[in-house]
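This is the structure, below, for whatever I ask next.
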Amino acid sequence: MTEHIIDPSIIEADNAAREADLRVDYDSLGERLDRRGIAIDAIKKKVAQFSVAVPSWGVGTGGTRFARFPGKGEPRDIFDKIEDCAVIAQLTQATKTVSLHIPWDKADPNRLKQAASRFNLGFDAMNSNTFSDAKGQLQSYKFGSLSASDAATRNQAIEHNLECIEIGKTIGSKALTVWIGDGSNFPGQVNFATQFEHYLDAMKSIYAALPDDWRVYTEHKMYEPAFYSTVVQDWGTNYLIAKELGEKAYCLVDLGHHAPNVNIEMIVSRLAQFGKLGGFHFNDSKYGDDDLDAGSIDPFRLFLVFNELVDAESRDADFHPAHMLDQSHNVTDPIESLMLSAADVQRAYAQALLVDREALKAAQEGNDALAATLELRRAFRTDVEPILAQARLDQGGAIDPLAVYRAAGYRAKVAEIRPEVAAGSSGIV
Amino acid sequence: MTEHIIDPSIIEADNAAREADLRVDYDSLGERLDRRGIAIDAIKKKVAQFSVAVPSWGVGTGGTRFARFPGKGEPRDIFDKIEDCAVIAQLTQATKTVSLHIPWDKADPNRLKQAASRFNLGFDAMNSNTFSDAKGQLQSYKFGSLSASDAATRNQAIEHNLECIEIGKTIGSKALTVWIGDGSNFPGQVNFATQFEHYLDAMKSIYAALPDDWRVYTEHKMYEPAFYSTVVQDWGTNYLIAKELGEKAYCLVDLGHHAPNVNIEMIVSRLAQFGKLGGFHFNDSKYGDDDLDAGSIDPFRLFLVFNELVDAESRDADFHPAHMLDQSHNVTDPIESLMLSAADVQRAYAQALLVDREALKAAQEGNDALAATLELRRAFRTDVEPILAQARLDQGGAIDPLAVYRAAGYRAKVAEIRPEVAAGSSGIV
Amino acid sequence: MTEHIIDPSIIEADNAAREADLRVDYDSLGERLDRRGIAIDAIKKKVAQFSVAVPSWGVGTGGTRFARFPGKGEPRDIFDKIEDCAVIAQLTQATKTVSLHIPWDKADPNRLKQAASRFNLGFDAMNSNTFSDAKGQLQSYKFGSLSASDAATRNQAIEHNLECIEIGKTIGSKALTVWIGDGSNFPGQVNFATQFEHYLDAMKSIYAALPDDWRVYTEHKMYEPAFYSTVVQDWGTNYLIAKELGEKAYCLVDLGHHAPNVNIEMIVSRLAQFGKLGGFHFNDSKYGDDDLDAGSIDPFRLFLVFNELVDAESRDADFHPAHMLDQSHNVTDPIESLMLSAADVQRAYAQALLVDREALKAAQEGNDALAATLELRRAFRTDVEPILAQARLDQGGAIDPLAVYRAAGYRAKVAEIRPEVAAGSSGIV
Amino acid sequence: MTEHIIDPSIIEADNAAREADLRVDYDSLGERLDRRGIAIDAIKKKVAQFSVAVPSWGVGTGGTRFARFPGKGEPRDIFDKIEDCAVIAQLTQATKTVSLHIPWDKADPNRLKQAASRFNLGFDAMNSNTFSDAKGQLQSYKFGSLSASDAATRNQAIEHNLECIEIGKTIGSKALTVWIGDGSNFPGQVNFATQFEHYLDAMKSIYAALPDDWRVYTEHKMYEPAFYSTVVQDWGTNYLIAKELGEKAYCLVDLGHHAPNVNIEMIVSRLAQFGKLGGFHFNDSKYGDDDLDAGSIDPFRLFLVFNELVDAESRDADFHPAHMLDQSHNVTDPIESLMLSAADVQRAYAQALLVDREALKAAQEGNDALAATLELRRAFRTDVEPILAQARLDQGGAIDPLAVYRAAGYRAKVAEIRPEVAAGSSGIV
């Protein structure tokens, strides 16, 4: 039986106070959607089935190179983190898996498995880390990891990824996500072609160790931590990698990893069309890889991404990209942000489901640009909160997860157990 | 025998006044290069062999959607344009071919061939135009051409490209460049996947008509004239196209067609490494597709592109991308800008040839980032003007093309023949 | 009595078919807002009072430097344009004024006044044009206008602005908007300080002629048509200008005239705080000055701008910026786009009015970042379409302006009178 | 007498091996400049007088939020840092002052003064730090410092700045530089106007404590560490601040703190023209605030900035902005990078001095855009290394500082004394 961290009676009490209004709003929305030929319950069902993974590192307070300002009750280790993730899952019913980062989350795999199964949580993709040096590591990644000029360094990075696969096998993960920071800070520091050859060779060794029912996701990013060039800098290079590796290799799209002004939803479409869209790291950004909360800066863009996903689903029944949040919570309680972001990702999905694809297609074929875009706008403007809330309620979650979370006093409680962490002046500027 | 538009005696007189200083500077530079183990004459020889094509449309004054301010003596037709190109070739000895744009340059192909051969000019790639409507055209390209939802429109665009190939066969061109403005201005206006399928199907029809010894270059561009999405938006999509079409298909890189901050030299490297770099449209830009003179805004970037080209040459003896200028001259005499830009492209090539690739490789392998970047900087900082000037002089060109051009009074002379063109308020805002 | 171009019976018939549903939706929304302590009728009243000006040039099909693809029934002159604007005003009841562009709209001022008053339309700001050369103009603006190095050119540009003021006085305008394209295409082409001195001197001459009850709006833009530097490049320079000129001088913000990633709503706040926010040119953009329909690309950003305006209103009762649409309609019927954009601007205003400013302030003061942003999100997510529709209905407009416009067949009717315009290959690339 | 850390005999030996070639190159360059009417010795004199400050924190290895990879022999404290700075000064003779960061460099002011005077080093501007929390600090800067909503936090930040002024008085500094990270990560998190009022009030308190012969420099930055809004986001806001504060307040320009594509040299011109340009933080960037070595990515931009400075000097004899390097050295030996960057800043200055300002002005006034830009290009293309080297040699520095530094084995020596620092996985993602 699933353990509950938040006392269900708190949820029930809060829900009870909100349920009547929700019923009115759900019915009213249902009637409006009915006029548009949409059955609200069918949308709710799809929303309820949708889950987005929570990254273990997301429940700790994030920071920048300038400073980190920890909150109260910071998780001490992966087991604390799993408990925080369980709270998110319990209240939102939208985050059924956790994604681990090795070596940060390294622990006895069987213990990891047990800790998660207490809360009926599964494990999403494994994340390797060769962008920083772990204690005791023989070779430094200062000048690169999988693409380093030094063979011993590359081999160490390969071995680390193989270890991630091994841990993942035990805990029931089915995918490995590889993001590296390799690149260069000066024109001429690396030879682009040689560096990419090193990378491809190393990835082939990792790919060779991938179980048959696994996928490997490679993730591109324009810049940071490398500031002149990055080896997997964009979806073009990412696509080349997935093609070179084979059919278990897919591209992962982080919404904050692109050049300014780039049309991300179009990249989503291209990768889906050519069978190489593996999944997402959801977050939002205004400037660079800001890792802000999903949908907090440009909610229409998030909707347009989901519009492509629903379109791709309609073309390919076997289309099932992986969804994960990947955010840095610097000024909010991470649990609060993750709960709301999970809902915002669901929201974009629900809105995309409202698009009348036949009407859209007719407008597109008739070059009626205005009617086409109005079809999208109408879906986006629909306030689907009642659908999300009802889906949560149906599954035992909270109509208003934030209100329940605050009422339950979870953060204050863990702060009594978990020791205060000193604010960090990283000293890196 | 090659006809000369500028009286050779004017060139000789100007050269005579500059030759002694040039000799001193060339020798002094030769001595400094000799210390670095570089033979100046070998560099000069390579520079002399380098040629960049001039686009026929480049010799007319350009403009923006706000206005066009023509200069004096604007060319009236392709035959005037060929004469202007001949002046550039004569003075710089760096632009041995002209690139035509159909239907703008449509004329009896045999007459075109004769007009060019008078000046010993060849023809570079043919450029089709389906981004604007020609008079009398049945279908409009308002909603797209090769990727339009309407089949008749797509077929018309295919036919136009086939016609370009036919003209090109007669005049001795060996390539077709396809740039289209197709895209959309509103989210939802087009279905990205459907639109791209239309595009690929259309391009396959064109590819099928390509002679065996031809290449087709497809050109990507982030935006403009479409402002929400563009069908061939970046090198990733461009690469997909070249792979889908076949071995005669290559990607063309215009330096101004990328997102802000993008590392263009890295794209050059990737395309070269995967055998799909077809060539360049050289220009410079600060904001978008500004089409400013090559090297006028960021000369170091132009050098870094050539650094990749010289690196690619060293890996593949058969590597021979096409080079063309593609600029919009809004406030200068186009002939002057094109002469200087041709020299600036040669300059970047010459500087890239100065890089000690063995020393660079050693620094890269040793992770000596500073030594590696210094090797590039040293090459870039070298003032190679004496090499360029000597190469021009050796071939009958001008030591100082601008001075000779102004002294010869060419613009004033053609302004007597060619009627004044009224300034245009395009009325398009 | 106001003349009506669209037969009111068509509006009535369409409204009749929609009114019952609107009533249900308005009441349902009213109930939900009531729970949040908001009176829906008070919001509706403010929306009904809100008007955005339509630019005369906006009713013609726009284009790019590559091409213009005119639609059917293009307006032939300012009198056709006024009729098109009257249709927009009639159906939306949201656009009570028209903004003229001289010399494009030059005509007998009294005739202009009569033409507009037929439809009860007023005139918004006058717009001068020194970014293109008018026929017969003595000096060319190729190298600048108000900031040109040549004094005769500057004087001509000043005279043109004085003429705009004179016309405006007759027709009842109360403001002059000055946007110029002056800048440079090459480093060194102009001396920044000298050019700005010329500009300030010229503007002072114009300012001196401004009637006491007028305002002058200067408009900044990052780039285009100048591609290396622009004399009024950003709000910093624009603010300097307004300070130098005096208390009748204000800054105008066009949403598409900023650098990538810039936080525009913050600029709005700064200018409002320092008393120099004059007004807006509304449109949307993804890349540069794309001039797409307001709210079509990033509706949340438009909302955030209005959030600042409502905040500024609450600080300063005398705050009354000018609102104008400024869009280029390249692939839609301009009347349709302008009707929808007027509604989308109203929508953002209505949503901003829903923000609970006391709750927002409390969250801000308590550093509860999540509660603060949720307050904005909740307002933005509210589908206020019933409020907009009811406001239109109350004033004699259409519940669904687009449906009525299409049903009325206006475009087909004027296409019978107004001759077809040939598609333009601008020939400017 | 000035102490020397690097044994002068090592410098002399290396110089001796290079002096003959330098003599040839200096004379040859002198002859070429002489033809252009330029006296090489006058340029050398100005270069020799030019100094750029070294930031104390620059001599430690930098990092990103992902990781920091320390080098060998990292300085342990400010006294080690001063020694590293002394090496840079000794070899380059171009960095006569050090800039301190409090509390990082906090120590007995008299000891600081003595430590620096041993090497004849002075102190440049004091830098306060309210972007991270120091140990034992009562109020956290998590939600802002000088602009925080909490008054006690603002007061603490003010007090810290007053302390910086006090320390600076003792050690002979004459300026305070204030950069803060205050801003917000979510729309609505702060009220822009209120936040700016708090900031201005706090800065007024600091300004009031500024000695009469001091300057205060405020520094703008577009984003990071705040990712939705930043209180001092651009030069427009920075100018407002300097005007509000008074005549001792000036704007500081960091080259990496602007929006993509922004014309920085124009901002330099505007601030200089309006008397508010205080100085620079030199570095280079490709994406954001990358803090790469000055001139390493876009050397022409650095030149264009100095072109404005030389122009401003010619207008205002009293113009004397402060120059400081501000870079993050993640993959190089910081001392090596700083030595080369100091030279690259001098290089840009030397090249800007070569511009024939009369010829430039004539071309500008005649609208000869090409001649104007050629005048700048000619200056930029001139390889002025012999001038820099000779200026170093004349003052007792090294012709080739990098070669001497490596030959002297300084890093290895200090690595014996200074303990190894563990690589940091910041754990902040």
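Each chain carries a letter (A, B, C and D) given by its place in the written order, and its residues are counted from 1.
Please note the rule applied: contacts are C-beta pairs under 8 Å (C-beta built on N, C-alpha and C of every residue); 3 or more make two chains touch, one makes a residue touch a chain.
Which chain is which protein? Per UniProt: A, B, C, D = Sugar isomerase.
Source: prediction; values computed, not measured.
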## Note on the structure
Note, CA centroid farthest from chain A (Sugar isomerase)'s centroid sits on chain B
### Task
Compare the two sides of the chain B (Sugar isomerase) and chain C (Sugar isomerase) interface and say whether they are made mostly of the same residue numbers, over half shared, or of different ones.
same
### Message
For chain C (Sugar isomerase) versus chain D (Sugar isomerase), what separation do you get between their C-alpha means, in angstrom?
### Response
43
### Task
Indicate the whole-number Å distance between the mean C-alpha point of chain A (Sugar isomerase) and the mean C-alpha point of chain D (Sugar isomerase).
39
### Query
Which chain B (Sugar isomerase) residues reach two or more other chains?
142-143, 184-187, 189, 222-223, 228, 260-261, 263, 286-287, 296-297, 300, 331-332, 367, 369-370, 373
### Summary
Per the touch rule above, chain B (Sugar isomerase) residues touching chain D (Sugar isomerase) in the complex are 21, 24-25, 28, 31-32, 35, 260-261, 263, 286-287, 296-301, 331-333, 336-337, 340, 367, 369-370, 373-374, 377, 380-383, 385, 402
### Task
Please give the residue numbers of chain D (Sugar isomerase) that touch chain A (Sugar isomerase) in the complex, ascending.
57, 60, 62-69, 104, 129, 131-135, 137, 140-143, 181, 184-187, 189, 222-225, 227-228, 260, 285-288, 290-293, 296-297, 328, 330-332, 422-429
### Query
In their shared complex, at which residues does chain B (Sugar isomerase) touch chain A (Sugar isomerase)?
142-143, 149-150, 184-194, 196, 222-223, 228-229, 233-237, 239-240, 258-263, 265-267, 269-270, 272-274, 300, 304, 307-308, 311-312, 315, 360-361, 363-367, 369-370, 372-373, 375-376
